[in-house]
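Before we start, here is the structure in question, set down as structure tokens.
For clarity, chains are labelled A, B, C and D in written order, and residue numbers in each chain start from 1.
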Amino acid sequence: MMRRPIIGVVGTGSVSPGADAAAEAVGREIARHDAILVCGGLGGVMTAAARGAREAGGTTIGILPGADIHDANPYIDFPIATGMGQARNAIVVQTAQVIIAIAGGYGTLSEIAMALKIGKKVIALQPQFHIPGVLSAQDAVEAVRLALALIESPPSPCLSV
Amino acid sequence: MMRRPIIGVVGTGSVSPGADAAAEAVGREIARHDAILVCGGLGGVMTAAARGAREAGGTTIGILPGADIHDANPYIDFPIATGMGQARNAIVVQTAQVIIAIAGGYGTLSEIAMALKIGKKVIALQPQFHIPGVLSAQDAVEAVRLALALIESPPSPCLSV
Amino acid sequence: MMRRPIIGVVGTGSVSPGADAAAEAVGREIARHDAILVCGGLGGVMTAAARGAREAGGTTIGILPGADIHDANPYIDFPIATGMGQARNAIVVQTAQVIIAIAGGYGTLSEIAMALKIGKKVIALQPQFHIPGVLSAQDAVEAVRLALALIESPPSPCLSV
Amino acid sequence: MMRRPIIGVVGTGSVSPGADAAAEAVGREIARHDAILVCGGLGGVMTAAARGAREAGGTTIGILPGADIHDANPYIDFPIATGMGQARNAIVVQTAQVIIAIAGGYGTLSEIAMALKIGKKVIALQPQFHIPGVLSAQDAVEAVRLALALIESPPSPCLSV
């Protein structure tokens, strides 16, 4: 069986116009390519990306920190109630085949680093930190195109830091 | 927004003809009522229930113990790679709105008890243990009908053990 | 290096005179035998067992559901802040070499079942459920003596349910 | 009750002479100040720090990724078997009151970022990344002195990134 590609979107949980616009566009592109969006299921970039995906007819999974599926933002089709707080970030990066990181602070940085640690590729839009090994993209269209290319033909393993 | 109901199916991970037939029928009924099936994503009852749901056009989520989405059985639409071993059972029972337990050993018993502990209703088919507070059903049709009724009109909170 | 034996104590988080007296005696016996007590770190049986251990000069570890070490009861030497809610029960049963279960409701039942699932022995005092495979003891002295005997000479693997 | 201070040490799991020497000195200083060392319980910096602490008569806790306490390095007094893989890093940073990070790659970076995210102070020796908000120290003596000062008189909350 061929499963649809799963792309993770991580970024700040606070509202931020620039990041939200990028996230919404990323969500839309993910849906247009019939990929699945996985994110943390709450606010800020997570809401914007899920809204973009849903408005383009896509599918959204939210890996929630709390134990109640009703915490999910309204654009999440499939809420997962982990009850594991910050540790749920590990589930987002393990479930996604590639990560797109949009702006974000320390929480996003920890997800980026965890993804790189387990060998997942990370594509950054509006990066806040310079982390060797993170790929950059000009905009949402390029980020999602790159993400799908990496899922279809994974590069050979790189040396880890 | 109205989300589709989410029904959890738990049971043994080993192949067992009686339990598998019941699980497949439960999966089919869940799909027929347009509910979402959430399970542990691996073998035995989990595979049979997901197969039943998929063959009836339904949607399946698998909350995996390992960190690799490719561990999921082939009938899982949305694999969640928790990497948390046994502790992933907590995510299954928190994400589901009602649990249907089919046969099963100690692992299933721990999921039943965890569900009851957090106030989720549990419906048992082919129960292996007598646990006060577990609801019983004659067959898959009755189990899923009861599960949906409980999601639509949750009973008032009961005294916990 | 020889580590000291680690005995887990699980039971209700509510105050219950009969269970608390048993838990305090179990804690005391664990300390007298220079074993380490691991528990969930909160109230009820967990507080009573830790108090018994500490008053007899023992060592106590509390695996907390929350993310703040200050949630631990005052008799815990080493609080572990999991932030993982109910899923922390898996850590208690994995860390302990044998489990002593005292009274308790559904939460305790889920810990007992999880322990049996992963092949750990469980000794029950004042059991609330009849679970095949659980060992019984008359009192705290016998429970701890049996626990230490099982750690020193583990029985050959049994058939699992 | 006053608990002893808990200092987390994070860093690479691979052997690295420079990092190991620093980690051993950090472990020794932690023990000399009667603080508790918490770490990930495995190799590299984790082994070196625990060895330093134990040789100076200190106390060591290892939060293991696996489900078996026997995975811990021989200098761990209290192994905690989380079975949660990478997600165990969240437990290390939540349990420690301050983090000392020594060298390290992406895994260490993710722990640093997670600590900063939840408001814990991080002191770096031999830093591999420049992360705003991380405090620096010249050597082990200074790092542990600073860590203890931060635990005794926590600074007022800072703006988060």
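Assorted remarks:
Just so it is clear, a contact is a pair of C-beta atoms (placed from the backbone, for glycine too) under 8 Å apart; a residue touches a chain by one contact, two chains touch by 3 or more.
Because the structure is predicted, anything quoted here is derived from the model rather than measured.
Note on interfaces A-B and A-D: more C-beta pairs are in contact across A-D. Matched by residue number, over half of the contacts between the chains of B-C recur in the interface of A-D, chosen from A-C, B-D or A-D.
Taking each chain's centre as the mean of its C-alpha atoms, subunit B lies 40 Å from subunit D. Subunit A and subunit D have centres, each the mean of its CA atoms, that are 29 Å apart. Multi-chain contact residues of subunit D (touching two or more other chains): 67, 83-87, 90-91, 94, 118. Residues of subunit D touching subunit C in their complex: 1, 3, 6, 36, 61, 63, 67-69, 74, 77-84, 90-91, 94-95, 97, 118.
If you check the complex, the residues on subunit B that touch subunit D are 67, 83-87. Put simply, subunit D touches subunit A in their complex at residues 84-87, 89-91, 94, 105-107, 109-114, 116-118, 128-131, 133, 160-161.
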